[in-house]
Structures are given as C-alpha cells and as structure tokens.
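Please find the structures below.
In what comes next, chain A is part of two complexes: it sits with chain B in the first one and with chain C in the second one.
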Partner chain A sequence: MPSATLLGQALISGVLAGGMYGLLAMGLSLSWGLLRLVNLSHFALAFLSAYIVYELGTNYHVEPWWSAAMVVPAMFCIGALQHWLFDRFKVNELASLLITFSFAVIVEAGIQLYWTADYRRYETEYSTLSFKTGPFYIPVLELTLCMVAGVLAWGTWLWLRKTYVGKALRAAAEDPEIAAAYGVDHKKLAYLLSGIGAAYAGVAGTFIALIATLAPAQIWAWLGVVFAVVIIGRLGNPLGALFAGMLIGASESIAMAVLSPAWAPVVSFSMLIAILLWDPDWI
Partner chain B sequence: MVEQVGAWRRRHVLAGMAGMAGGAAALAAPAILRAAPSGAPVKVGGTLSLTGFLAQTAVIHKIAAEMMVEEINSRNGFLGRPVEFVLLDDQSKPEVARSLYEKLITVDKVDLIQGPYATAPILAAMGVAQRYSKVMVQSSMGIPKLQTYDMAFPATPFGSEPDKTYPNVILDAMASFPTPPKTIVVLTSKFPSAKFMAEGMRDQAEKRGVKVLLYLEYESGNRDFGAIAARVKEANPDLLWVGSLGLESNQLLESLRKLDYSPKNHFHLYPAPGPLALSPDGNNALCSTFLEPAEPFMSRPGMKRLAELYKERATKANLPYTTIDAQACGMISEWQVLEAGVNGAKSLDDKAIAAWLKKNGATTIYGKMRFDGPFNHGDAAQLIKQVQDKEWKVVWPKEFAAPGVKLIAS
Partner chain C sequence: MADLLTVDGLSAGYGRAVVLSDIALRLGEGEALAVLGRNGVGKTTLIDSIVGVTRRFAGSLTLGGREITTLAPEARAMLGIGWVPQERNIFRSLTVEENITAVARPGPWTTDRVFALFPRLKERRRQAGSSLSGGEQQMLAIGRALATNPRLLLLDEPTEGLAPIIVEELLAALSKLFRSEGLSGIIVEQHAQKILPITDRALILERGRVVHQSASAELLADATPLERFLGVTGR
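== the complex of A and B ==
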C-alpha cells in the first residue's frame, strides 16, 4: 500500500502536470466552442513556440520570459492569419480538422528540417528548482505554469462573461444570425478569438520548452489527452478546460502511484467515456 | 566480373602514370590507389525512420549509412560497380516499412536490401525479405529470438539471449563494488525491446539474490515522471535500472532531483547519450554499449577515421551530439557485413551471400562476428559505460576499459 507521502506527492505532481493539459486545451476549447473550428494546428503552434524559445535561449541567451514576450504576439498574428484563411475559403468544422491537421504536419516537417529530428532539451536554472512544504516537494516551474494557466483561464472566463465582446462571441457561437441582427460583427471578433487561442499556444509552448523534451514528433504526444480535457471541460469554457486538465493529471498520477505507470494513459480516456455515457448537463 | 575490374584497374594505372608525367602526381595518385568503381550501380534499398518518433535516432543511422556508401565506393564498390543506396522514409511505422520494402524489391528492382532501424520496422521488413528470399542485415533488433528468418543477419553483437547475458554483465559489475547492491528497482518503457531486457533484468536479479523492490512499466513517450520518481524515492533501491529510450532518463533524473533525491547507482538502457552525459544528474550513470571512441576500440582498423568522419557529418547535419556511438557503429557494421558477404561470395545472389556469411562470419567495427548460433547470432559482446567527468567511458568488463579508467561505485 503506498504511503500518504507518496500519494500526496503524486497528487501534487499530477495537478501540476494537469496545468499543462489545461493550458494547451484552453486555446483549442475556445476555437472549437466559439468558432466551431477544430484547430489541430494548435499543438504545432505550441511546439513551434517551444522550439523558438529553445533557440533564442540556447543560441542567443535570451531569457525565456523575454522570448515569450516575442513569441506570444507572433502566435497571435499567426492565429489571426489562420482565421483569415478559414474565412476566405469558408472552412467548416469538419474541413477545419483536416486542414489544420495538414498545417500541423507541415509545421512538424519544417521543425524537423531546421532543428533536425534529434531531441532538444532547454536546460535552465529553473529546470529542477523545487521547494519543500511539509513532506512534499513543489516544483517551481510547474507551479508557475499552473498559476499562469489559472490567471489566463479566470481572465478569459471573466472576459467572455462580463464584457460586451465576450458576450457577443458567445451569442454568435449560439446563433450567428440572431447575433448579427443585434449588431454583432462575428467575423471581426473571430479574428480576435483566433489570435487569443494561438497566443495561448505560445504561452504553452514557452512552458513546454522549459519543462519537456523537444522532438518534432512530440507534437502529437499531447493530442489524445488534450482532446479529452477539452470535451470534459466543456467546449468554449477556459476554466472548465483547466479544471478538467488538473482532474485528469491528478487521476493519471494517482494511477501511476497506486497501480502502474502504464495505466496512466487509460485513465484520461476511461474518464472521457464515463462522462460521455453519464452525459451530464454541463457537457 | 573479376576480369573487368582488372582491366579497369590497368586503364586507370596508365591514366595515373600519364597524369604523373604531366606533373599532376598529387591528383593522380588517389586515382591509382582508390579503384573507383564503374558501370551500372548496384542498388541497395532500405528504409529508415526519417520522420516520426524514431527519427531522432534514425538520423544517426542515415549519416552512418551515407558515410559507408562513400567508403565502399572509394574502395571498389560492390564487385567493381558503384553502390547506390535507395533510401526511403518509413515514418517510424512498421506497416509503411513493409509496403516500402515491397516497393523497393518489386518496383525499384533493387539488387540488395539493408534493414531498417528499430525492432518493429525490422520485423515488418523481414517478412518481405523472406517472401522474396533477400538477405537482410539489421543492426538494431533488440529481441534476437524474433529474428527467425534464415537469411537475416545481426550487425550488432547482442548475442542470442541478451535478456539473460546482459543483466549478468551488469550484476557482475555491481558485484565488484565494495558494497554490492542488495536491492533493485526495475523501471522500463513498454517499448518492446526495452521491456524484453527489463524482464530479463528482473528475473536475473532475483536469481542472484538481489531483491526486486519494484518492477514498473510506463508508456513509451510518457510525459510526466513526477509520480514515478516519488515511487522510486520511496523504494530507495541500491540500484535503479531504467529501460529508457531517448531523453526519458534525463526526465526521470530531473524529476528525482525535484524531490531532492539522487539514486545510489543507476543504469540506463538506451538513453540519448549526449544529453545524459552532459546532464548535471548524469554523473556516474551506467549504460549499455558495444563500443566507444576510446582505446582499445580506436585501435581497430578504420575506427579513428570513421569517428572523425562521423563527427564532421554529424556537425554538418546540425546534430547536438556529434560523437560516434553504438547507434552509428551499428549501421557502419551493417554495411560492413553486407560488403563482406558480397565480396566473399563474389556475387550479388542473396543465397550465395547468406551462405558465405553463415560459413565465414564478418569482421566489422565490432570485431569478428559469427552468424552460426541461434537466430544467426554469434557471441554477445555487451559492455557497460559510465559517465565520468561528463564523458562516457567503458568501465566493464575491465579488459575493455581504457588505461586508468575504473568503474565508480556510488
């Protein structure tokens, strides 16, 4: 039987790892829920950001936070540009899945061409920093990630619910024609939302560079679990995405501690199937 | 064919002499010494995982293969004809490898084939090779008992039962410590060849009285090692054995450090060698190898030149770790085996090549290799290397350690 310390440490580790799931899921959830576009290239943009942060850090000694300050606005622009293409060619939900998948493959090939297929690891002084609380160790970088994800999720949630722009976006997602009748210019707002979603990929990419191993094929490593997070957290709901990410992260980690690490991937999809069968109102 | 080569050589000697007479001796001399091949190329087909999750290692194989094709062509090609390597990308997918080998043999009409990288694509390609009775040399199938095709040859000295032989090499090394480990945690990726070796390590440790505190498997490509690290820390074994691939070892050690824990002794099966050696957590890490660019291996014929050439090519290809390692040497050996088979049999006929190799073996960068044991394997030649001062050094068996290098206990 695992000790309480082991369970507690696994829970902390899982919740913090879930922060990354939530952060990656947020942009995807917004795009899918409010624009009706399933943007698989979100993962590619996150990894492209991670590689740029890695490149700037290792070759030009730019601090990751300064790199993020450059990468995030750049991703916003790419997101807006992507939406211009979707709008120009009237891409629907299903087509968006195929087109953004193709885009992700192209980005993967580009990354491999420039940075090669070899593993890249951005070693920083923050990589292994942690502090102790009671018997538990809290990794600083993962905690920072969760705090950033929390701020973004709360901020976005409030923005969608309390501001005119947010309400207009939600209304347009519900019924574009009625929203348009009330003067909502959905097309213009969609550029903003698409840019924000891609900017979140930039934020996630910064943390991926600092925490994870970079290899072009890793773009797809997060796909399954993040999709589960998006669905469980409810489409278009950034707070739901973060909570669902933490829930799945914690469940995976507890499964690793109590059962076997090999059971971890089963957890997220079992939870997804269980929740879909349950079909609660909030889904 | 032999006569053609002789005639060709005579022509070039005369040409070289004329050149020398013209005052171009420096340029002409290499033309005499190196009997550049001519005629229709001998097409050798193969795939490597140039994209997908195996790409980071396959790129090493690609560089080594290209080097070897140039090497062979600078010697005399295959039977006096230049060698052309028809390389396709199997995308790290066995089903793609299977289709591409079918294409190489039936559409591209290659004369010979070379094996792909990693167990699953090799198994897929082997089925095709068997159907068309083609010789297939491979260097990276970690489960030798799966190589049941009679004309498939290993280019790496795993031996026929590495799951039994190699754990005992490790346990012998550990037994030489002043305080030999009494407990072990075996942690492994579910990647087939890693799991195969991990199960062997667990079984052999138990047989030799080393208590297995934990045996844990994780999915290949696992993202978070936090909970696993917590379990390792709680078990606190004398030896941590990790069936890792790529940077998984680095990730695990970092997660352990975040818990303020350093393993006493730690062994890693197939890690990314450069990042682990350079990691602050990598000191004294143990790892499997067959050869390293140091003595006594550098004294083997051609090794020094190949190591230099590899460094140059790897640097040009922008690889972060440019030192020749067991992966690159595996591919070098693969071509050396094929070259020995073709030259020995004096034929491109697959059956003749296979028969010659079985009877005579081949001398490669790994030394003399036999193919007359179970599954066409010969003797096992696994070694242990250790990170010492940010460099990998062969430490066990003692006779393979460079002068002054010793295995360091925790």
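== the complex of A and C ==
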C-alpha cells in the first residue's frame, strides 16, 4: 500500500489533471446538450490551437497568453462557421458525429502535413514551475488551468441560468419549435453557443501546448475519457463537466498509485457504466 | 372596433392533408372569440395556422394591419402572438420562473404580475416544470404566453383534462384577462358552456369550415346552433 503522502500527491495531481478533462469536456457538453450536435472536431480544434500556440511561441517568440488572445477568438469564429454549415445542411445528432469526425481527420492530416508527425514540446519558463504545500508539490500550470476552467465553468453555468439568452438557449434545446413560437430565435443563439464551445477548445489548446507533448495522433488520446466526463457531468452542464473531469482525474490517479497505470481507463469507464446502470435517464 | 387579426380565405393543414378550407374571420382589438366544434373539425389547426406551424395552401393573415402570412413563428411571436398550446409544452427542465423569464419581453405583463394572477406558480417558482400538476402546467403555459406581452392570446383547449376546481380557477383568470384587462384572445374549446360567458363572439367549425358566427350571448340565449353542430346545449 502506498504511503499517505503518495496517495495525497496522487489525489492532487489527479484533480489538477482532471481540470484538463473538464476544460475539454465543457465545449463538447454544451454543443451536445444544448445544440444536439456531437462535435468530435472539438478535439481537433483544441490541438490545432495547441499547435498554433506552439508555433507562435517557438518560431515567433510570442508569449502563450498573447497567442491565446488570438487563438481563442479565431476558434470562436470557426465554431460559428461550423454551425453555419450544420444549419445549412440540416445536420442532425447522428450525422454530426460522422461529419465532425471527418472534419477532425482532415484537421489531423493538415497538422501532420505542416508540423509533421514528430513529437513536439513547447518548453516555457512555466513548464516546470511548482510550489510546495506541506509534503505536496503543486504544479503552477495545472493549477492555473484548473482556475481558468473553474472560472469558465462557473461563468457559463451562471450565464445559462441567470441571463435571458442562457435560459432561452436551454428552452430551445428542450423544444426548439415551441421556443420559436415564443419568439426565441434559437438559430442565432446556436451560432453564439457553437462559437463559445469552440473558443473553449482554444483555451484548452493553449494549456495543451504548455503541458502536453504534441503529436497529430494525440487528437484522439483523450476522446474516450472526455466522452465519459461529458456524460457523467450531464449534457449541457459546464459545472458538471468540470466536477466529473476532476473526479475521473482523481480516480485515475489513485488507481495508478494503488494498482497500476493500466487500471486508469478502467476506472473512468466503470464509473460511467455504473452511473448509467443506476440511472438510465442520466443523459 | 379596429381589426387586430384578419384571416381571409385560409386553407391549411399538415403535409398534404388540407384540414381548413376557406376560413375567414375578423377579431377586433380587445375582443375575445370562442372557437367551437367537435373533435377533429380543425380547431387546433386554426390556432396552429395563426401561430405559423401548419402548412398553408391558400389565404392570408394580418395582425394589427401587418401581413404575417409568410412570417415564421418566431417573427409572429415578436409581433404579439402569444400561444398556449393544447399539450401545454412547458419547458420541463426549466424551473417555473425560468419558463416565464426565458421568453419574457418588456411590457405590462411582468413575472410578478403573472404570479399575482396565478399565486400557485409563485409558490412553486423554483420547482422544475416537470414537477407540476396538470392544472399548474396549464397555468404556467398561460403565464408564459402572457410574459411575452402578446397583443393576441391564443388558447387551445385550456381546460382539457383538468379537475373541475382547477377549471373554475382558470376560467376566473381568463375572465379577468378578457373582461377586466381587455386582452384580445381566441379560445378553442369543446365545451361551449365553459367559455361562452367569458367571450364576446363565437364561431363554430364543421369539417374545416366556419358554419356559424354570432355573439356569444346569442348562443347562450339560443343554443340551436350548438345542438345542431355540437350535439349539446349551451346550458
């Protein structure tokens, strides 16, 4: 049995790593829950953002936070444009899965063409920065990621519940025809939401560039676990996505420390199956 | 009395099915109209056609002098059509208050005024729509439509399937809306005796056509048309 310090460190590292799951899950959850579109290209947009931040940082020496200020609005525009295509071709939930998968494959190919399949690492002054609290080490980048994810999740949750636009979006997600008959222009709102989801991919991509090693095939590395996070956190619920991400991150990390790294994926998917067996209407 | 709504030569239905044929009607500002008829004669189709969710084959509609024939439902709603659908269709995942505020537009009907009209809704303001009883859902459906501050309120069988005590409560509220507040409205009902006392005029539909139009008071005084077309008396 590992020591209490090791378990505590595993818990902290897991929660912080889960922040990335939550951040990636948020945009996917909004799009799936409120637009009924399963947007697999979310992962591709996150990695495209990561590569752009890497490119700007390594070749043009642009600070990552300035790169984010350019990448995030650009992703918002791509998200809105994507929705224009979905709307134009009347893409439904199932078709969205296939179309966005294709889009992700194209982006992956584009990344490989430009940046090659080599592993790339963006080393910055923040990469290894950490501080110590008691016996535990806290990595500054991961902590920043969690704080940013927390602010975005909380802000989005409040926006969906307290503003006219947010409530109208939730009403339109439940019954678009009835919402339209009450004057809710759900098409315009859908552009906004699609843009916000993609912008979150841009935020996630900035942190991916700073934390992870980049390779085109990595686009798919988090697909399974993030889908589990989206469902465990409940569709359309940004706070749920963040909490679920941290829960799975912590569980994976503890499983790795107590059992072996091979058990990590078993934990998240067992959790997903258990929740769906307990409440089949959970989604 | 100036016309608020005009419907001329309207033929409409769903898909290829023509349900309404050559419907013509006028509704004045502040007027309440009862639409009566047996099951399946096209009452709901008439309401749905004014809302804009049916297929129109011929005819035209105006609201406040403005042509709305080709406008989408959301544009018609913005011009002042408030709809209480037969199935109520409240947003089940939203709270009672959110159901109202999600569609609310500026005007005299604020959330507080809706709660004053239906105090039960105020008591349940933080409950999910899905947790309400049938009568409360109907109150919410009416309150939600009022919160859009409509010029014309369309109610499709508002008392259907409700307990008598709730029906009385709803009719009292509708009477207040049409009699005291002067709101214009069209109420579809199968049970004439419930709504004739709170409306100004009534029309009877039979197989998608208007077969009778008169003042509601006339129908209450002489129920012959009701007996003929609905097989019931007005009392």
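Simple rule for what comes next: the second predicted complex is superposed on the first by the 279 of 283 C-alpha atoms of A that agree within 3 Å, B and C clash if a C-alpha of one lies under 4 Å from a C-alpha of the other, contacts with A are read in each partner's own complex, and residues count from 1 in each chain.
The working rule: contacts are C-beta pairs under 8 Å (C-beta built on N, C-alpha and C of every residue); 3 or more make two chains touch, one makes a residue touch a chain.
Computed from a predicted structure; not experimentally measured.
Chemist: For A:14, using the defined touch cut-off, is the partner it touches chain B, chain C, both, or neither? Pick first, second, both or neither.
Modeler: In the superposed model, A:14 contacts chain B only, not chain C.
Chemist: After the superposition on A, what does A:164 contact: first (chain B), second (chain C), both or neither?
Modeler: Touch status of A:164: second partner only.
Chemist: Where does A:174 make contact in the superposed view: on chain B (first), on chain C (second), on both, or on neither?
Modeler: Only chain C; A:174 stays clear of chain B.
Chemist: May I ask you to decide whether A:271 touches chain B, chain C, both, or neither, giving the answer as first, second, both or neither?
Modeler: In the superposition, A:271 touches no partner, neither chain B nor chain C.
Chemist: In the overlaid three-chain picture, which partner chain does A:50 touch, first (chain B) or second (chain C), both, or neither?
Modeler: Neither chain B nor chain C is touched by A:50.
Chemist: Who does A:3 touch here: chain B (first), chain C (second), both, or neither?
Modeler: A:3 sits against chain B, while chain C stays out of touch.
Chemist: May I ask you to decide whether A:183 touches chain B, chain C, both, or neither, giving the answer as first, second, both or neither?
Modeler: A:183 contacts chain C only, not chain B.
Chemist: Hey, is it chain B or chain C that touches more of chain A?
Modeler: Here the partner covering more residues of chain A is B.
Chemist: Which residues would you name on chain A as touching chain B in one complex and chain C in the other?
Modeler: none
Chemist: Report the residues of chain B in contact with chain A in the complex, numbered from low to high.
Modeler: 50-53, 55-56, 58-59, 92, 190, 216-219, 221-224, 226-231, 234, 246-247, 250-251, 254-255, 257-260, 272, 275, 279-281, 317-321
Chemist: Which positions of chain A touch chain C when the two form their complex?
Modeler: The contact residues of chain A facing chain C are 161, 164, 167-168, 170-171, 174-175, 177-185.
Chemist: Using the touch definition from the top, list the residues of chain A that touch chain B in their complex.
Modeler: Contact set of chain A toward chain B: 2-3, 5-6, 9-10, 12-14, 16-17, 108-109, 112, 115-121, 123, 127-130, 132, 137, 139, 212-213, 215-218, 221-222, 249, 252-254, 256-257, 260-262, 264-265.
Chemist: Please name which positions on chain C make contact with chain A in the complex.
Modeler: Within the complex, chain C contacts chain A at residues 51-53, 72-74, 76-78, 83, 85, 89, 91-94, 98-99, 101-105, 144-145, 148.
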